[in-house]
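Sharing a structure below in structure tokens format, with a few things to ask.
To keep things simple, chains are lettered A, B, C and D as they appear, and every chain counts its residues starting from 1.
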Amino acid sequence: MKNQLELTFTSLPGNVGIARMLIASVAAQLDLALSDIEELKVVISEAVSNSIIHGYKNKEDMPITLRIEYDEKKLKILVRDQGCGIPDIEQAMQPAYSTDPERMGLGFVFMQSFMDDLQVESTVNEGTTVIMVKELENIRPSKH
Amino acid sequence: MKNQLELTFTSLPGNVGIARMLIASVAAQLDLALSDIEELKVVISEAVSNSIIHGYKNKEDMPITLRIEYDEKKLKILVRDQGCGIPDIEQAMQPAYSTDPERMGLGFVFMQSFMDDLQVESTVNEGTTVIMVKELENIRPSKH
Amino acid sequence: MLIEKNIQRQTLTLNLQGELDMNTSETLRQAIDTEIERRGIRTVILNLEEVSFIDSSGLGVILGRYKKLLPMGGKMIITNVPSHIYKIMELSGLPRIIEFENTPSRKMEGREK
Amino acid sequence: MLIEKNIQRQTLTLNLQGELDMNTSETLRQAIDTEIERRGIRTVILNLEEVSFIDSSGLGVILGRYKKLLPMGGKMIITNVPSHIYKIMELSGLPRIIEFENTPSRKMEGREK
């Protein structure tokens, strides 16, 4: 990959906005359209919020890692926590499924809709890693 | 420290702007004045540019680490590279001193002017770490 | 997130400004719930004109307030949704449940038919 | 960084827009040097009205172009500097060397005396 950025940050709710700013400035460098930047912000927001709310049950001093890698062809995003993990990943990814009755169960739906590939790896009591890919070749205005 | 964010990124010139965005969004969370945010952006820009230009001689695939930590009292910024290092730190920090005739030798001047403390650690052929502190107690509008 | 409140009889109008995510939606939840409980509010109008970002946490809080008002005979109206925010709302199905006014939505739906 | 060029006789006016740092100042250097060499430009006017950021890399390229023009009998004028950019320039000493026009500078200097 041509460029790699890895941000590790404390699981404070305010850091969700900082993670969004990071993807937005990377996307701006990639010359993505505004609508694509908006979607990437939602994707990051969902993945990082899940780590804080579900993975760490809102505990505020745990580490979350956001890795962003890209070249001309694709953008790869990884979000990792060392939280409680997901016992049944297939079930968790069902639209509208949530273990929290106050939530909508749309996090994975948004990640899946806005990215071209979504992989979830999780081990109970060890943590969860979400890996997402967006193909860039068709959505970027070609400049050359 | 209440909040910690650590960004490790490739030594590409375009990443200097991303590092600035990161400090700007942290500073916005801290409710700093616009003029303080501008100064912090300059500080990050100088330190990261030095790692790329001097530390890595513009080699574009080397790692740079930017660590930002803060609590109510102070903001601590660390910039680290694994580049060529500085043989004589005292001389390097002199205003207008530069090993590059095209440059102004103002990087350390700006870092010193805009921060309350500046420490430089460097070992030739191993790398350079710049650690800076900004006291927040007097500059933030108290909200409580 | 800035919340500007306006109360007229049993109608609460909220002008929201900023980002509506897990960090800020709790403030919105409390702002609405307090008025429903204390002042007997039955109609909540959410003006999203100045909202710059929304994700599923924000949508969840809006849907939750709607669900709370419904059994009380109350209602919720969402107005002036910027088009990029409306796209996210559409994916969530919210416009099929809650009433929208003055959004790019109506026009867009019309065009698609 | 966007650079808009305007040439009238031996005067080059550049309207700059965006951030002037190590990543973008090289483009500015080339834009000016090319015109000095190819078209015999002797006066360079830099309009910084739309510049949102500057650091020592940007300042260095400006000073470098000034130093190149000087022995040729040329000159440089910097105009419309936003006040937060001017503060950084002031710290560098640039306003004591290069001519500034229409900047908050004059007013501020006047007030300080």
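The rule we apply is simple: a contact is a pair of C-beta atoms (placed from the backbone, for glycine too) under 8 Å apart; a residue touches a chain by one contact, two chains touch by 3 or more.
Since we're looking at a predicted model, the values are computed, not measured.
Chemist: Return the chains shared as contacts by subunit B and subunit C, ordered by label.
Modeler: A
Chemist: Among the chains, which has its CA centre at the largest distance from subunit A's?
Modeler: Farthest by centroid: D.
Chemist: Per the centroid of Cα atoms for each chain, what is the distance between subunit C and subunit D, given in Å?
Modeler: 48
Chemist: In whole angstrom, what separates the CA-based centres of subunit B and subunit D?
Modeler: Result: the chain centres lie 25 Å from each other.
Chemist: With chain centres taken as the means of their Cα atoms, state the distance from subunit A to subunit B in Å.
Modeler: Whole-Å distance between the two chain centres: 27.
Chemist: What positions in subunit A touch 2 or more of the other chains?
Modeler: As it turns out, subunit A has residues touching two or more other chains at 14, 17.
Chemist: Going by the contact rule already set, what residues in subunit C reach two or more other chains?
Modeler: As it turns out, subunit C has no residue touching two or more other chains.
Chemist: Looking at the whole structure, which two-chain pairs count as touching?
Modeler: Touching chain pairs, listed by label, come out as A-B, A-C, B-D.
Chemist: Considering only the defined contacts, which subunit B positions touch subunit A in the complex?
Modeler: Touching subunit A from subunit B are residues 2-10, 12, 14-15, 17-18, 21-22, 24-26, 29.
Chemist: Can you name the residues of subunit D that touch subunit B in the complex?
Modeler: Contact set of subunit D toward subunit B: 19, 21-23, 53, 55-57, 59-60, 63-64, 84, 87-88, 91-92.
Chemist: Which subunit A residues qualify as touching subunit C in the complex?
Modeler: 13-14, 16-17, 20, 34-35, 38, 41-42, 45-46, 49, 52-53, 102-104, 106-107, 109-110, 113
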